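Next up: some structures, all given as structure tokens.
Next come two complexes built around chain A: one with chain B, the other with chain C.
The block that comes next holds the complex of A and B.
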């Protein structure tokens, strides 16, 4: 995977999370994951299609999702209801869209799909033929891993 | 000691959402995300606007606009939505009412998309994340044009 694809995601994740959470966010070390990997409990996914194809997964623990959704809504949310899911999905959407906008300016042409969200225990995601790069973001509410898998079409 | 009369009354400012005739502006909020629809609605109602309808996709938006017309002053329109996207819905609303005031609200800020929307008749384009001030300023600007 080309590194040009990754930086815009790292940057926009950092900027958007800092802005909507009104707090400091720290970027951890990037690392690669291959084949199948466990996800933490709440995973929002946005698909990419165009010059490149792939997906971006936003992975976090349930408590982190609840805390983030509470801050974004300005009210305490304690159950994984539709509003919490819509809020986390929107966070994923904003980060991905801002990254796609940057990539567009660099000459890459692709679009994103409306986001979807998965919740549950002991989930695993498998990627055949494409490695995923993980960008861990540390927030006061817990860790959010941004898991990007992109490949050029061909 | 100064009397109360000598201080400007800070609460006398007319909320943005109220027309000169004293009635609120009527807005339709179009977004497939419950979170975003709620966020925009809260920002608008806090300034006195009346959110008369919400729609979760472009198809619903066009239908509701036709139903409400002419009792609607402005539409906020998301772009990436199921069934019918916001750009297509914008075009259909403008076809029906060439003076419609539609403000696009999207996380996508791609130059060509923004241009396409403005050419199709959108009166403004707000890129998310949203903040209260940005939303209120742009909407007031469009309504006063």
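The block that comes next holds the complex of A and C.
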């Protein structure tokens, strides 16, 4: 993944999460991952198109998703209902959109696809021939892993 | 304090712990297995493969822990029962029941050991390996490299090299015992001894190889063997044959100091850049696709980009430069120079900015710096050229082979490969056209 793409995603993830959660967020060490990876329970995915092709995946445990959705909505949510799913999707959308805006300022043209959300236990995502950058974010509500895989259109 | 909050805090603690685990460097992999209900590990570098087999051919007069010999796809290897060797209870299975075997390779000897069950491969940080405690019961402390904790389980890491020499010792002990020795056995013992004698220097060399890999992740393979052998001779004369072994990272650095290609982590000087220009053959392509795995801070990539621009002024040049060191490569796209540092040859490709000199947009646009691990797959267009100076040598032997094969598969029919000054391409299909400072290969059918 191009070096120029990394910072916009890291920064916007940090900024948006800090703002919506109104709390301290810590960024973990970045690393690369290949082939299939287990999903913690809730995964929101946003596709990227334009000069590049790829996707951004937001991965967290169900409890984390519920806690984050509760904070963002200002009410206690206990079940994985439509509101929770919509909230997590929106968070994914906000972070990706801000990153894409930053990239646009740097001269890279990216388009977004509408986000989708997957929930369930023991899920695994396989991407053939794609290497992903993992940005772990630690919040008081649990860990959110942002998994970015982008490649140049060949 | 509300219960939810405590849960939240717990989560933080958990994730902090997880993070710690992440940041620890995994540099030691071991195959784990069970003997009499306890967990053990063997350095994966010693493990050739794992297998299941039965019906070993009994060898008369062998030590009790030698179960016999086995035909492993044409190679006859001896099979040792680790449980008997360590005086642990071993369930004697029927003739036809398959035993779990770990096939080990120590120096040039291949042999199999029987264990109760093989578990999996675990990667750990060698810094966490604790020395064995002297009161370990079952196995003599000499043969234990250390103890490591992983996922709540304790693993005893066996020192296979030592174990194997123990076997020899036991054999000779047996020979001393008042058992009538056949002449053949005596002869065998003597020849063993002679082999050991002639191997002593090689043992030191092997030890150096291992330490280079441990400290610097530098693996001696046919890629760099010529350099290693020459350097080893040189090392002997520097050290006057005393204290040859590398005991710490700084000594490994010193040993490797002559390995690196000219102008590593710096722009290539005029003279070297000119040498590269002279070495490069004529090309008619309109677009030249270049791959630069292991570009580090990017000096090499910029130097090569300028060299290519000078050599092929009409072609469009595209360089994909990768490195898995995020810190090094993240500075690469926006590198700034003081003009005094810059060799003459690059000046025409640079412009003055606010803080110093940078490369012109056309050079910068020709390079894609990517945070990428060469061992993961990454789509690239068919390549005309690969420049990988001193990159291959720092992968494990298996990874080296894989990357070298990859070089062949990713390139077009007519393509060129530049390696580090002391690296050679061991695979077929490449024709060497090295000039004195530039190691270059042309792909040949």
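The rule we apply is simple: the second predicted complex is superposed on the first by the 154 of 154 C-alpha atoms of A that agree within 3 Å, B and C clash if a C-alpha of one lies under 4 Å from a C-alpha of the other, contacts with A are read in each partner's own complex, and residues count from 1 in each chain.
Methods note: a contact is a pair of C-beta atoms (placed from the backbone, for glycine too) under 8 Å apart; a residue touches a chain by one contact, two chains touch by 3 or more.
As the structure is a prediction and not an experimental result, all values here were calculated from the model.
Contacts of A:16 after superposition: chain B is touched, whereas chain C is not reached.
Counting the residues of chain A touched by each of chain B and chain C gives the higher count for C. In the superposed model, A:97 lies in contact with chain B only, and not with chain C.
Once chain A of one complex is fitted onto chain A of the other, the partner contacts of A:30 are limited to chain C, with no touch recorded for chain B. In the overlay built on the shared chain, the residue A:67 is in contact with chain C alone; chain B does not reach it. Of the two partner chains, neither chain B nor chain C is touched by A:147. Once chain A of one complex is fitted onto chain A of the other, the partner contacts of A:136 are limited to chain C, with no touch recorded for chain B.
Residues of chain A that lie in the contact sets of both chain B and chain C are absent, per the superposition on chain A. Across the complex, chain A meets chain B through its residues 16, 19-20, 72-73, 82-83, 86-87, 89-90, 93-94, 96-98, 100-101, 104-105, 112-114. Of all the residues in chain B, the ones that touch chain A in their complex are 32-36, 38, 80-82, 106-112, 128-129. Within the complex, the chain A residues that touch chain C are 1-4, 6-7, 28-35, 63-64, 67, 129-131, 133, 136, 138, 140-143, 151-152, 154. Chain C contributes residues 4, 7-9, 11-12, 15-16, 18-19, 22-23, 324, 326, 329-330, 332-333, 368-373, 375-379, 381 to its touches with chain A in the complex.
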